[in-house]
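Structures are listed in the sections that come next.
Presented sequentially are two complexes of chain A, the first with chain B as partner and the second with chain C.
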Partner chain A sequence: MSEPHLSARNVSKLFGPVRALNDIDLQIGPGVTGLLGPNGSGKSTLMKLFAGELLPDEGDVRLLGHDPFHFAPVRRGLGLCPEQDAFYEDLSGYDFVEALTRLNGFSAADARARTAATMKRVGLEIYGRKRIREMSRGMRQRTKIAQAIAHDPPVVLLDEPLTGADPVARADLIALVRALGQEGRCVLVSSHVLHEVEAMTHQVVFIRFGRLRAQGDVFRLRGKLEDRPYRVVLSVSGDARAFGSQLLGLAHVQTVTVLADDRLELTTTDLDDAARGVPALAQAHGVRLTRFTSPDADLESLYRYLVSQP
Partner chain B sequence: MMRDEVHAIGYRRLEGPRPVWPGWPIARTLWVLGWRRRATKMSLMACFGVFGVHGVWLVSQLMARRYLNLGPRRGLLTGVDRVVGSVHEVLAAYVSIQFFVTALVIAVVASGAIADDRRAGAFELYFSRPLTRLHYALGKLLGAGLIPFGTLVFPTFVLWLTAVGIAPPGMRSELWWLAVPAVGSAALGAATLTAGIIGLSALGERSLTVCTAFVAGLLLMSGVCEGLVESGFEAWGYLSPERDLRTVVDWLLQVGHDSLSASLLPGRPDGNGSPALSLLALGAWIAAGLLALTWRIRREVRAG
Partner chain C sequence: MSHPALPPLPAGHSPRAAAFWLGFHLRRNLKKRAFWLWALAVIIVFAVVMGTAGLRGGGLGNLFILRITPLLSLFFATGVLREEIEDQTLTYGFSRPVGRAWLYGARVVAALVPVALLGLVPAFIAGTAAGPTAPPRYLAASALIILAYGGVFALLGLLVRWPTWLGLAFLVAWEQPVALVPGFFGRLTLLTHARAVAGLPAGESPWSGLLTVPPAWASALVLAAVAALTFWLGGWLISRREYQLAK
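Up next, the complex of A and B:
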């Protein structure tokens, strides 16, 4: 296997007596990856380690195979969109992005061309001419993302990239982040808004109390929580009670609760089996199944579970 | 725990021409930000005014010499010297006065050089790029340093060149050697201002506070030290960068300041007793500024 875009091997970071990160072992490749965790869990510290802003107290951090702290040239391959507003308010969006793009070693003409193309990509072709102090939160956020991608980096770190954006802008930015991942870049997105992360990717890294709690595909990770069966809500037309007793005959179904005359809730250890077995059983007994939903097969359910664990 | 498969492309060098040195864009951003302030343009106009006055003084002085150098009017030369002074005096006066006016420009433009970066959190953006602490420091010093270069050092050179160009033929040979002390003393003033404002910006929180502290501090130190020297406490004179610079300039240019024109100009009292100590004091100011810059960068930025 070749070197991953981002890797942290047994990394620990201390701030005085506080262990912000504890023995993190992580490799992140191309595509979009969500970095999740409650406040103070160590997400920003991990981002700063990958960006070369901090040096780990233990372990080894690599960006594109190099130490980002000591080897400055490798940071040419990095785009960072920090959480806080870090702007020169008197510059226009174009001037700001161009100035930062030039720091990556581009000539003025190159930086100008890249800035124009990137501002168009983030939807600031016209409004980017405004001074940053006159921009809305959403525009500022887009400007921050523009400076992170204008130099075409293979690794992009986005810390809360959707803060302050209106619903339309959020949809646009989500599409942009997905596109960056599809282009083969490694995009690490830290966010508290789970449904937005879910809209960007199913690949997540979950950190709590500075420890790595889970990493991988949301659905596969959810499937590994064997002590926490899936809840499935069914709407049926027909005798729900009788159908419920039939459902108990399926091997993977643990419990069935009749919620109303036409609604049932079952718990199952295997959602895939339930998705195949329940409709087949309904068809065999002449019951019309109008709804099959699992309210806890998503990222939020996984997040709640991981947060609830000590 | 699940491990998903990972692929990567590794670090690639940028194709194409050699990357541009990152100090330039840092300096350029400083100028772009400074140029957007009205105070910058106004203080630059003041600089042009000072240059214009000294230019007119120099040209009229040399034209008078050319005119009087002819035949029977030659006898009037000594008297004219007493009135319009010498080229040495013009250059020395220019460096001393422009030092103050340039302090205004550099304070307006560069007061936020480090302070604003710190307030805005721009260090995070800067150092997520292929930038070292040295690049950053040199970029900021370059950005600030080119301001006094443009208002103090280069115009001093222009004044000297003008003097050499229009001086009467017999006088040119004595003006040639003036280039090094004149431009050198202007460069010393420029270095003092640059290191001073960058050092103060590294210590300060807000650009406005830094700007005010720099200009007021310079004026206050100059006034207080001048007063103390006049009261007999001569050692205090070395604490005023302006007085130190004046001492060094006068010593380098061998100026007496006894002409009528020079006496009309403000800020030309006598300098300190020892030019060497004044030079040392200026060096200490420069070192203090650079030390403050180094301290701040080492404190804020951990990346190498």
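Up next, the complex of A and C:
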């Protein structure tokens, strides 16, 4: 039977009277998937269920086809970078990662070799020798990620992995996450920073109020929002007003607004058609198109829409 | 969308990982300031009672086996997992392919070895001062009381938020006074059984002559059973319960 790396079937989780997750049904396979939602939406709870740290009150959670809470061996396939900034502070980064790698069934020599390779991979080859209590927040984040991947797990859960990292570290970590996905691992990343998630993946899961609101490719999800046409901003050299009236002749164009002598904004129901039709129309009418951008085609637009829904 | 085969684990992984985890936490525990402060306190108390109070043999045994060792067990064992829950580091061990009960056992033993270092040496010295047959009895009583109290206090650490205070109340309000009650009630305390194993006198109270002491072998069994039961119960609980710091 074909089983995804991670699956939740009708999963609900209660904390006292609060329903943190409500009837979540989702499956996640290889590649990077962004887990998105406002604060308190249930992202970390879902991560903890997949990591076997929590038990569902209803439904069934599976990691590599097994119950991660009760079946300990399956956690050999799991790498978890938790949200909290918590460590054995008295250890060096190397000692911390090596100790946790030993728990995954590696000999001392293997764990040491894996730790060295992983610290190099996360950019802590030198600074990893420091005690964790002396590390910057960015280094601590990298250490946390190192312990999650040193044992080469097929499933990696990263809960807010970029918190506290400086811009250079963020770029490095984004590249690392993408590489992990390209290696065929199932990487589930939660983050509040949408453009960083967008830089890692177009596969997303949206949760709000503990409910699954959407799952899939950002652009496909955005395309399904028929009541929300895309805005497209055009810069042209030539008569913008005249070109605007030509644009209204395209079937998918709903409205055209002249923003300036050389700038137009149109709304369209189909961004792909607009991307093909507008340049062709400009060429046919001798108008030079210098800019074609859509502020509504990104993850943030989709996110705003989903969190605005009741 | 099918997942890959589960990565293999070496045979006997959980016990081996637990042994590693024990060593890892033992090294950390022995480097902690608390351990060295307790060691200093034990040395000072030892010097004071031998020098100033002139305690010897049974008196020393009473003090160290029945008073100080239970306190040491309390302070070291109640924090076994509570500390990791508060520090939010528990997640690192629990997300590994090792049975939770094994990790718990490793952490409890790693906490009790420092107690043994601090408790067994004075017990041996006290035993040597008490007579030629006393050292093995004192050592056995000390080891068993460390295990029994260790199991009880570690279990308390799993069950309540402030285990040290509750444990202290247990020692002060139950163990110490009830152990002095003549008749059967005294046998409901671990102290009575430790006293029986060590062959220590009941004390200087007017009614101490009324206290009945169970046979040493039976008391040793009781202490061993309490240790085994509380270790098992702790392992069973931790395998079934969620542990995370409440937000």
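The working rule: the second predicted complex is superposed on the first by the 309 of 310 C-alpha atoms of A that agree within 3 Å, B and C clash if a C-alpha of one lies under 4 Å from a C-alpha of the other, contacts with A are read in each partner's own complex, and residues count from 1 in each chain.
By our rule, contacts are C-beta pairs under 8 Å (C-beta built on N, C-alpha and C of every residue); 3 or more make two chains touch, one makes a residue touch a chain.
Computed from a predicted model, the values in this text were never measured in an experiment.
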Could you check whether chain B and chain C clash or fit when both are placed on chain A? clash
In the superposed arrangement, which partner chain does A:H195 touch: chain B (first), chain C (second), both, or neither? neither
Report for A:Q203: first if it touches chain B alone, second if chain C alone, otherwise both or neither. first
First (chain B), second (chain C), both or neither: which does A:R76 touch? both
Now for A:R288: first (chain B), second (chain C), both, or neither, which partner does it touch? neither
Is A:R133 in contact with chain B, with chain C, with both, or with neither (first, second, both, neither)? neither
Dominant contact partner of chain A by residue count, chain C or chain B: B
By the touch definition at the top of the document, which applies to A:Q215: first (chain B), second (chain C), both, or neither? first
First (chain B), second (chain C), both or neither: which does A:K224 touch? first
Scan A:Q147 for contacts with chain B and chain C and give back first, second, both or neither. both
Do any residues of chain A touch both chain B and chain C, and if so, which are they? 2-5, 27, 29-30, 51-55, 64-66, 70, 72-78, 80, 82, 84, 86-88, 90-91, 99-100, 102-105, 147, 154, 184, 186
Write out the stretch or stretches of chain A touching chain B in their complex. 1-5, 27-30, 51-55, 63-66, 68-70, 72-80, 82, 84-91, 95, 99-100, 102-107, 111, 147, 154, 157, 184, 186, 203, 212, 214-217, 220-221, 224
Given the complex with chain A, which residues does chain B contribute to the contact? 1-14, 17, 19-20, 22, 24-26, 28-29, 32-33, 36-37, 116, 120-122, 124-132, 302-304
With touch defined as at the start, can you tell me which chain A residues reach chain C in the complex? 2-5, 27, 29-30, 48, 51-55, 64-66, 70, 72-78, 80, 82, 84, 86-88, 90-91, 99-100, 102-105, 147, 152-154, 184, 186
In the complex formed with chain A, which residues of chain C make contact? 1-4, 6-10, 13-14, 17, 20-21, 24, 28, 31, 87-89, 91-100, 239, 242, 244
